[in-house]
Each structure stands twice: as C-alpha cells, then as structure tokens.
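There are structures below to look over.
Each of the next two complexes has chain A plus one more chain, namely chain B in the first and chain C in the second.
What follows is the complex of A and B.
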C-alpha cells in the first residue's frame, strides 16, 4: 500500500461528510446574501416584470387582465397629454440640470473663496432646503407665489408693478416651478461640487500660476476640467431625479394650470391611480424607465469621455 | 451546479408566490341574492368604512344594529378625506381587507360603479321605500337603471353671502329677497362689487363639480344623455352655462376665479373681506362657522340663482352614499346594515352628527332640522331640505372626464378658447362610454 492508496482510502471513508461540509461551505455565503436577493426579487424584480407585462395589457385594477399587444404604446404615440407631460418633464430636466448645476458650481467656487467661517454659515443656509420636507418647501413657495396674499406680488405692488398670477397663469406656472426646484437643489449640488473642488490638488493650481493663469483661466482650464467627474455625478443623479419628479409640482400646482406643470410621473399617477388604467400607466412607466436609462447613459458616455484626462 | 439549481428552484417558487400576489383579485362573487353561509360558531363581524364625519355617525349608530342582531359586531373604520379615495381603490383592487360596507364620495364613485367594483343593490327598490328619498339624491347612484348606492346626505349647492353687502345692494335695487334668476343676480352682483370694491362672488376655477352643480344643472344641461350612451356636456345648454360662468368673471367682472390647488383655502379671502359670497355645498356652513367665528350673524344662505326665472330645477345634489363592495365577505349582512342606517331615526342622527341634510324625506320631521343655526340665524336643515326638492338629478362622470371638463372651464375662463371650443375638445378627448 503506497501513500496514494492511503489518501484514496481516507477520501473514500470521509467522502459523505466532506461533501456535505463542502456544500455547506459553498452555500453559506449565498445564505448570507439571500435576504437581499429575495427582497430584491419580491419587491423590485417581480413588480418590474409584472409592470412590463401589464404594459401590454389592459387592467382596471379590479377585473381580469386583457392582453392588448402593443396597443398601449400605439395609443401613447397619439396621446397629447402624454406628449405634454413629456415636454414639461424634459424642459424641467434640461433647465434644472444646466442652470441648476451652473449656479451650484458658481456658488461652490464663490464659497471656496470667502472667509471660512462665513462660508460655513452660508453653506448651512444654502443646504437647509435639502434637509427640509418637500411638503414644507412646497407650501412655503405656494404662499410666496399666492396671487392675493403672496410675498412676490406684495413686492411687485410696492414697486408699482401689477401683481401676477404666478401659479394660475399657464405661462408663468412652469417658470415659477423651475425657480423653486433650482432653489431647493442648489445647496445639495453645491455641497457635492465643493467636495469635488477640494479634491483637486493644489499643485496643479501652483503649476498654473507658474504658467501665468489668472482667476478665469484657472477656473476654465484647471477647475472645470478636473471637476467633470463630480459634475457628471451631479448631472446623472439630477437627471434621474428630475425625470421622476412628482411631489414638488404636485404640491405647488397640482400639475396645472392646464397641465403646464404636469410631469410624466404625475400623468402616470393620474392614469393609473385616478383613471384606473393600470395597463396604460405601466406602458408609460416602461417608456419613462427607458428615457431615464438612455439619458443617464448619454450623460455618462459623453460627460465621462470629456472627463477623462 | 447543484447550488444553481437550488437557487433556481427557490427563485421559481418565490416568483410563483409573488405572481399570485400581484395578480388581480380573485374572481368576484355573485351579486346579492345568494345568502351567505353563516359561520358555524362565534361572532360575525361586518366592517364599515367611512370618512371623517360619516364615520362618526356610523360609530354612533353601530351599537343599535348590534343590539338588533345578536352575535353581529360592526367594526367602523374611520379615514381622513384626502387619503380615502386611494385607500378604497387600492383595497378593492387587491381584494385584501375589503370592507363589507363602503362610503363612496360622488367625486369618484362613478368609476367604481362602472368598473363593477360595487354590487348592484337589487333589493333596494323592494326593501326600501324609494319614494321616501329625494329623487335627485336617489338617482345619483343609479347607473343604467341599476342602483349601486344608497344616498346619505344632499350636498346641495348654496350661495353663502355677506348679509351687509348684499342687503345694502338689494335695498338700493328695491329687491325684497335674494334673486332667484340670473338676470336679477347679475344686477345685484354688479351693485355689490360697485359698492364694496370687492368681487361679489368667488367661483372655483377649473372645478367641474361646482360648474355642474351650480350652473349646468339649473340651466337644464347634463353630462351624459338619458340612455347613458353619449356625452352631452358640449351641447347648447352646457355652452350657455360655461359662457355665463366665464362672463361673470371676465365680462361682468363680479366674480373672482379661485383655484383651490394654487390659491389654497378660500376661507382666507372670506375672512379678509376680499370676497362677498362663495358657492359651495351645504356642508360648508359648518366650515364658515368654525373658520370665521367672529363673523357670526354676518352670513346668509340662498339657493343658486343661475338660470332663467321659472326653470324646473335649482342646483344638482351630490352627497355620499353607502355601497357594498363586490368582494365583501358579508354582503347580506352588509345590506341589512345599510337598511338599518336608512331608518328615519338614524338619518336624523346623521343630520345631528354630520349636519348634512339626509336624502330620506321621512327623517325631515325630526325637530333637529328646525333648529336655528346659531351662526346663520336660520334653520339651515329645514331650508336645505325644502330647496333640495327642486334639485336636478346629477350624474357621476369618471375622474378622467371630470378633469377634462375642469380643463375646458379653465380654457374658457382664461380666454384661451371659446366655451364651445373648450367643451368640444373635452368631449372629443373623453373616454368612450361603455
């Protein structure tokens, strides 16, 4: 009997126990991560799958589900209210990401150049809306915009100007909403951008100074390019948030007047939970998800390619 | 490999469980008629859902039903008004925790009735005295000849007006009573606005309910034809009603359009003296009395004056109803409970708790209706009861149609479209009637 035989015999003798042991060892990590995956499956994956299925069907939430094929998507192409909601959401997303991010960058840069103590106080002030309830913000702005009793009209009248129907005029309601959204997001975005600014090594600025950069050229040729990964983060999270925007316009205007502030998420809610058209609402949700995916991908693709240095 | 199979089996089982849970509620039960099998032992419970004051009333009368039905327990669940609609819809859709009796609001009951979510109340016409109900209230919850709900109160539209401003103007115009036709009202409103410098009336902007109840119904229009097959809210009468609505604000300049969504609670304007009257359901009497207590004695009520002299109807009535969900566990007992709520005594109790005038006329003999309202100085219950006999039957549109009409009102009142164009557009976009 040689050594190989001995090992072989021992292996045979211990095989069942070892196999069980081995199986247990291999299963244990899966058991640890299983709660997450089961939760993910039950609360995310399957509802998503069900929603995709519903997008090809008609269901009023009560009776049987009737398969329609692509009819919901065809109807969507002819639905003026859907296109209006898409237009409103696109306008909000575009405006808030461009103007909001620009203002946040400007604010972050300015705050980096003032006295530390003052900057800290100002940062807290600007950040306050980010930790304030959306409902509170909505009601405060609603009060500010009030036609008869609001601050803005009171100020206009003090200046001898006519009061405006900020939220009731179809032409003014969307700009009024945009102002509130930018104000509410400014503190958060500028905080993220501040973190990005502080990650830029001082040596690069020193080298720039040696090369003769001034404030503007320093910002344009050093700060902005090196800030792009941070801006990418702000843009992508902003785009995702804004495409799903619901609570703020719901509170401020209820989507009116004449659906001029009705976002796609609000329209989806109306179609599903008020009009009981869950199939059509699911079709809108599928399209909305695709839009969010494509927007994020495009942001990521183009901004990242610019950001690589 | 084995592990992968194991995981796959777990996932498949979990998917099956969830798919079963996500799917539509189980097939609905047969409508009333087939008696439910009683539980062999123990207490039977019926669950009754109500919002705000309605739930308070249900709570108050439930012990009486329990006393009449030994072994039966009534569980009243109370909800605030705002989340109630979502609660009802999601619960009825899921089929879980469905109540046996549900209070429905006319703002959104139409969809539930047409979706087959509530049972047809076949016994209503034989076991209740239909003639005892105000016709407009009863017909509200009838769809294509079938009754789906038993009306509670009459949400009759009223003009709540400032006595000082209106009585001064009436005296000037030698009017002895509040106008009952549109021409006199226009003259009076113009005088009020001229004298006070404030709008004589607050009108809800883009609110189909207010327009329908106060303008369309008294002017002889309606939403759907009698057969229930076509929308008629863009016919001549509807256009005339919307034209008047718009003219009061834009031509006569006596009304201010108030957007509840963005302007908030109009009580602020009433309290500040920035409007001399408002249109609202009779329930608003309690709101004014509690919202502006310092103005006690300064407000009065009248039926809406819109429409020509001698018209057959005043405003339409709304008001909540009691219905039985299709998936109720105890539909027979639920019906017994609804019948119990419709006794004159319990309806009089409804008036005492909710302050809404009941739809059941035999309850009107209760002295509570003759009690003078401390704030208004008149017996509101008696006045509303008598006026509501002239109410037009109201129809329940779907929320989608209500939204479309609301937008048409806004388009017409902001001058973006003519009333005819706005209503035509709404009618074209409305979902087909089934």
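What follows is the complex of A and C.
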C-alpha cells in the first residue's frame, strides 16, 4: 500500500457521517452478539423461566398445568428419597473432593521430581480418563466389579479370599463408585495443580533453602500455602461437577442397590422422565441449580480473584 | 548429596511408572476384552489366548445367534456422532467468536448487563433447562433429530468468555488501522481477529470436541430412535441385548469410540495441556 492510497482512504473515513452511517455503526456490535443471544433466549432463558414456573405446578407433560404454589417444595422436605439422594450426593462430593484433591496434590508434587520426559508421558497416561467417555469408563468398571466373572473377584479368589458382590451389596456399592470416581478424576486435578506448582517462583524456594528447609518442611511451609488458591479452584470446580453427577453412577449401578448410589441428578431424571412428574422434577432441578449456582458463584468471585496473586 | 538425589529420582520414577501401569489397567482390560472370542470372555484371565477380531466384525456385520442375525447399527452411531460433532464445532466456534468480538472490541449500551446475564447462566447446570428443553423440542417435533442434538450446545457462554479474554489482548491499533483502510466490522473480524485468535480457538475446539463426542445426558433425553443414537447411547444400550455375551462386543465398541479422542490428545498434547493449564487461571 502506498502513501497516496492511505491518504485517500483517510479522507473517505473523515467524510461527514450521515444518519444512516452512524446508526449502522451503533448497531454493529449488536449484530455480532445477536446470534448468541437469540439462541440464549430460546434455549436458556425461556427454559429456565419455564422451569421455575413448573416447580410451582403439577404437570405430566401432556395435559394442563395445575398451579400448586409451594406444595412441591413442601413435599420435597418430606420425601425420603430426595433426602437419600441429597445424602448420597453430599457423601460423594465430600469424599471425592477431599481424598481426590489430596491424592492429586501428592501425584503432582511427585511428578515434578522425576525426569521431564518420563513425567510428560506419565501425565498423558493419568489424563486419559478425563477425555474418555464416562459411558466407556462406566462399563469397563462394571466388568471389573462384576460378581461372577469380574477382575476383582477373580483376583480375590486367586488369593484365596471370598469374592464380593461389589455392586449388589448395599455396603460396597458406594465405595466401589467412589473408587472409580477418584480414579477418573486424578489426572485432571493433578494437571491443574501442576500448573499451580509451576507458578510458584523459584526464588521463594531458594530463600527457603538458605533458611535450611528440607523436602518436607519445604512442602509444608512453602508449597502448600502458596498452592492454596489452586487447591481452592480444584475443590470448588470438583464440588460443582460432583453435585451434578449423573452418568457415572447410573451406568455403574443404576442408583442401586436400595438407592445407595442414587444422586440428586439421577432422582430428578427418574421423577421427570420415568414417572413424568415434571412439576416435582422441576422443583428438584431448582434446588439442585441453586446449590450449583452458589458453588459457581463462590468459584467466580472468590477463587478467580485469589488466583491472581 | 547430589548422587543421593539422583538415585532417589530414579526410584521415584520407577515407582510412578509402576503406578501408571496399574492406573492404566482398566484400559488394558478394555482392549484385551475386545480381542477375546466369546469362549474366553469369562475365562478369568486378563489376556486372550486366541486373539480374534470377531468382536469388531460383529459391530459392522451383525451377530450370529443360532439361526438369526442380530445387527448393531454401530456404523450409524459412529456417523451420527461425527455429524453432530463436526457441525457443532463449526457453529459453536463461529458464533462464540462473533459474540466474543462484539464484547471485546465494541462499546455499546447494555453491554455490562448482557455480559453479566451471560455469565450468570453459565453457572447454571444443564438440569435447570432439561425438562423445558425436552418439552420445547417435542412440541417442535424435533425429538430424534440432529437439530435437537446440535442446537442447544451451540449456546456456549463459557467459550465466549474464554475467547473474549483472548481477543482483548489483540491491540486496538491494528483494528483502527484496518478501519482507516476501509475494512468493515465483519472484515476486521474475519481477517484480523479470527486469525490472531487461533490458539484460543484451538483450545476451545478441543474442549468442545471432547464434550460433544462424549456427551450422554442430553442425547439420552432427546433421542429415542436407535437409528439416531450417538456412540455413547449406542454403547450404553448394547447392555440390554443378549445379557451376557455382550461384554467383548461392548468393549470393542468402546475401543473404537475412544480411539479418535486418544489420537486427538496425543497429537495435540502440547497445545492441549498448555491451553488447559492456562485456561484454568486466565479464564
């Protein structure tokens, strides 16, 4: 482009703006965000509004919608299955976030101390479950846990121990699910924590060395406190993920035995899509959304700002 | 001291390698199972003694059971998943980039309100919209269609958020210069902003690919017809056939469904892991 062209373009640009021109200029940004907001309105806002409305009503999906007021929520407070699902989900969330995050931290720290090439291969291996379909993971573990021909029982029998009904015993089903969830989440969490570890400046470790820290005191007094924002991030995202848990337990156990592994999301699905009580299911959805919204909000306000120290 | 450290490092490396091998065991089981003939499925041994491709052949040529042939439309599941994933990716990247550009490079009335509205719904789970969306799609008679599988996923506030953060780092001078040269808003978007946002678009593409390819709940709600199943639904429904002999077959189906994802991760390993770790904090 030569000088003359630029000049002529400049003059064109400085032509007095007509009304049409300025209107077009003002509407441009809206044109860019419009496709999203149209989809947003149709597939998000309206359904959410309808969901909230339905939570105060009774509807089987076909006939008329009958307004009930707060009855769905009152029923929920007295619904043993709802409380059971809440308890199961809470247990899963508590156990998986605490044990999962601890193991992931340990793994991330250990991986930082081995040869780089080996570490990067290992990281890919540990990351595989995070990208594998939960359906695939669920069925593999279902076979491993199978009572008659599963891997765990044939291993137990070879050691001369009695086989277990992993997924059919009300005492064992939840632990079996927890083991699978911890296994599946380890790589993802430890990767995020690795990123956190690398953002700790070397100078701090060097200063620590001058003060005579060894491996353990270094971890306890330097690494862990500085890793806190990262750990908080992993915890909060884990909480959000786990409150919405659906596919993994529904494939592994179907919620059984005796609803010992039925999460809130599974109960919601059952109430809505199996029994067609859409009003009550919406009320459960509202409560679940509130729990998850609060967790997300905490994540957004608190963790994100903390992470930028 | 140094030598002791090195030996310790080797020991640790060996330990982690062993642990990784155990960790991989479910994948080893899946692969081994997929190569077993029916007679060995319940043998109690992990590896097949007479490996065969039978379980894979059945996915495409059907299943001889006494004198009937059961067909599993696995090819159709695969095709459906590819169609849905590809169209979703194209649409979501295009619309996300447009909206992100609108938010990153323009000032307009209501910008703040609209942005926060978007962020607020980003925090809501799919359960908040599941039932009304199902109802909406059944009224539109869109149950069992690609449209139903694709469209709700195209509304992706998270992607817009990610891209907006990235686009804000593109210098305004560059865009102003193009404007002076007479480039309209869309041309500035398409010829400057999009090419410069390629790393962020790549990260987003990988995330969306994984999400759509592996999605289970939404297809489960919206698809009833066997011929419209995606891979995840297809694999989940194989369980219902024939009770027992299905193990090997299901694992063969799982191996083939996991392969594209595995290749993607291995090929894009660097960008992917970097994008992930950066995205976690910048986002």
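In this section, the second predicted complex is superposed on the first by the 274 of 309 C-alpha atoms of A that agree within 3 Å, B and C clash if a C-alpha of one lies under 4 Å from a C-alpha of the other, contacts with A are read in each partner's own complex, and residues count from 1 in each chain.
Heads up, the rule we're going with is that a residue touches a chain if its C-beta (ideal position, glycine included) is under 8 Å from a C-beta of that chain, and two chains touch if they have at least 3 such contacts.
Everything numeric in this text was worked out from a predicted model, so none of it was measured.
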item: First (chain B), second (chain C), both or neither touched by A:61; value: both
item: Which of chain B and chain C A:145 touches, first, second, both or neither; value: first
item: Partner chain in contact with A:178 - chain B first, chain C second, else both or neither; value: neither
item: Dominant contact partner of chain A by residue count, chain C or chain B; value: C
item: Partner chain in contact with A:103 - chain B first, chain C second, else both or neither; value: neither
item: Touched partner set for A:275, first chain B, second chain C, both or neither; value: first
item: Partner chain in contact with A:30 - chain B first, chain C second, else both or neither; value: both
item: First, second, both or neither for A:50, with chain B first and chain C second; value: both
item: Which of chain B and chain C A:293 touches, first, second, both or neither; value: second
item: Which of chain B and chain C A:124 touches, first, second, both or neither; value: second
item: Interface residues of chain A shared between complexes with chain B and chain C; value: 26, 30, 42, 46-47, 50, 61, 148-149, 273
item: Complex contacts: residues of chain B adjacent to chain A; value: 2-3, 6-7, 10-11, 14-15, 18-19, 22-25, 28, 86, 89-90, 92-93, 108, 111, 115-117, 205-206, 257, 259, 261-264, 268-269, 272, 274, 326, 398-400, 403, 407, 410-411, 414, 416, 429, 431
item: Chain C residues within the chain A interface of the complex; value: 9, 12-13, 16-17, 20, 23-24, 26-27, 29-30, 33, 41-42, 44, 46, 95-96, 98-99, 101-103, 106-108, 111, 114, 118-119, 121-136, 151-152, 154-155, 157, 160, 179-182, 185, 189, 210, 213-214, 216-217, 221, 231-232, 235-236, 239, 247, 250-251, 254, 257-258, 261-262, 264-266, 269, 273, 276-278, 280-281, 283
item: Residue ranges of chain A in contact with chain C within the complex; value: 1, 6, 9-10, 12-13, 26, 28-33, 35-37, 39-40, 42-48, 50-51, 54, 61, 110-111, 113-115, 118, 120, 122-128, 131-137, 139-141, 143-144, 148-149, 151, 154, 183, 186, 191-192, 194-195, 199, 233, 240, 243-244, 246-247, 251, 265, 268-269, 272-273, 278, 281-282, 285-286, 288-289, 292-293, 296-297, 300, 304, 307-308
item: Contact set on chain A toward chain B in their complex; value: 23, 26-27, 30, 34, 38, 41-42, 46-47, 50, 59-65, 80, 142, 145-149, 167-168, 170, 173, 252-254, 256-259, 270, 273-276
